[in-house]
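Got a structure for you, written out below as structure tokens; questions coming shortly.
Labels run A, B, C, D, E and F following the written order; every chain starts at residue 1.
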Amino acid sequence: MTSWLPTLVTDTPEEGHALAVKLSRFAIKLTQPDADVRDRLRPDYAEDADALIAVSQVVATHFATISAANDYWRDAS
Amino acid sequence: MTSWLPTLVTDTPEEGHALAVKLSRFAIKLTQPDADVRDRLRPDYAEDADALIAVSQVVATHFATISAANDYWRDAS
Amino acid sequence: MTSWLPTLVTDTPEEGHALAVKLSRFAIKLTQPDADVRDRLRPDYAEDADALIAVSQVVATHFATISAANDYWRDAS
Amino acid sequence: MTSWLPTLVTDTPEEGHALAVKLSRFAIKLTQPDADVRDRLRPDYAEDADALIAVSQVVATHFATISAANDYWRDAS
Amino acid sequence: MTSWLPTLVTDTPEEGHALAVKLSRFAIKLTQPDADVRDRLRPDYAEDADALIAVSQVVATHFATISAANDYWRDAS
Amino acid sequence: MTSWLPTLVTDTPEEGHALAVKLSRFAIKLTQPDADVRDRLRPDYAEDADALIAVSQVVATHFATISAANDYWRDAS
């Protein structure tokens, strides 16, 4: 069985950011498992400035965690 | 007696994320112990984009804590 | 004289979480010392989904601090 | 001249929490230096559940900083 | 192929802050990829005090991450 | 050319707090570069309790970063 989150380690900061976005979306799926409802809600936040900012706050929090997990990709830079 | 939170250590990032979700729900139970009221409120946030994002922010904060507790599961990756 | 917060060290994660809840409530008492007013406000947040989520965010922030203080109870696990 | 913030080091967690409250209030004074306006606004948040929770979030953030500054008062416990 | 985020390491705090701003904007682009919609929303937050503050909170979170990644530019100071 | 942010290192906690305030204001300038608009918005948040609290949250986040950068000014205390 494949895990949706096998590791927090990524090769690059860009991949780490993509993982942060994935994590922020996954929590929403857990709270609202119905894809139809999520699709119906999407315009509520994708076209609402406050909601877009709130989503980017969640991403920022996950990106902090993933960056620490990767020791900030210092070796790669 | 069994603790609802015996440890922050998990085997995998996926289990750590599940624990973050559990922690975010538990605080809500403490503030609103009545299951009937919680059930009545559920549509308020499960079908509201802002609330779904806010829940995912709480999960992100707990996931940061649990990730640090597990040293980011670096040994497993 | 007894301190309301003698230490951040707890024996278990569960006790640490209880302390996080206590801390989140104490700050509200400081800003609104009148117990009657607090009692009157209680339904405002105990039956409001957004407020319940906001309270759980505060608890999550304190739990992060207390978890770090206890080195994530790694020795106990 | 005396500093309003000479140090982040306190003897106890309780004093550290009091300093976190002081810090959260000080930032509001800086943004709104007029004491009359602040007094007028006070009922807006002291009797509003959402605002009380938001204040306690700021306190929680400062308490995290001060707790780290004091190495979580581990030596005292 | 060039990465939009090749590294978190910058020469100065000022460049680190600029990167934090870039990161906060990028997450909004991911959630709302349509530039026309984003342009239409811009006045919603650029002329709204609450939204401006919320954006600055996201920037602050990313700046914390980038500052840690650069060991706070201590060697440069 | 002078940088607006040459270093995160300050001599005292008080100066560190002032820098946190400067950082929280700077992000708002970046998102809304027009000083006239900012002046027009100022009453929206300087006389609004929720906005004042939100600003103090941003300051708290930056103060956490700056405090870590200065190793919490432990040597000075």
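Points worth noting:
We take it that a residue touches a chain if its C-beta (ideal position, glycine included) is under 8 Å from a C-beta of that chain, and two chains touch if they have at least 3 such contacts.
In this text the structure is predicted, and so the values were computed from the model without any measurement.
The minimum number of touch steps linking chain C to chain E comes to 3. Listing every chain that touches chain C and chain D alike gives an empty result.
Put simply, the chain farthest from chain A by mean CA position is D. Different-residue interface: chain B and chain C share under half of the residue numbers found at their contact. Note: Cα superposition of chain C onto chain F, rotation of 120 degrees, nearest 5. Mean C-alpha positions place chain B and chain E at a centre distance of 27 Å.
Separating the CA-averaged centres of chain A and chain E is a span of 16 Å. Residues of chain E in contact with at least two other chains: 45, 48, 50, 54-55, 57, 61, 64, 68.
Chain contacts in this assembly form a single closed ring in which each chain touches exactly two others. In the cyclic arrangement of chains, the order starting from chain E and heading towards chain F is E, F, D, C, B, A. Those residues of chain E whose C-beta lies close enough to touch chain A in the complex are 3-9, 23-24, 26-28, 30-32, 37, 41-42, 44-45, 48, 50-51, 54-55, 57-58, 61-62, 64-65, 68-69.
Partner chain E is touched in their complex by these residues of chain A: 12-14, 17, 21, 45-50, 52-57, 59-61, 63-64, 67-68, 72-74, 76-77.
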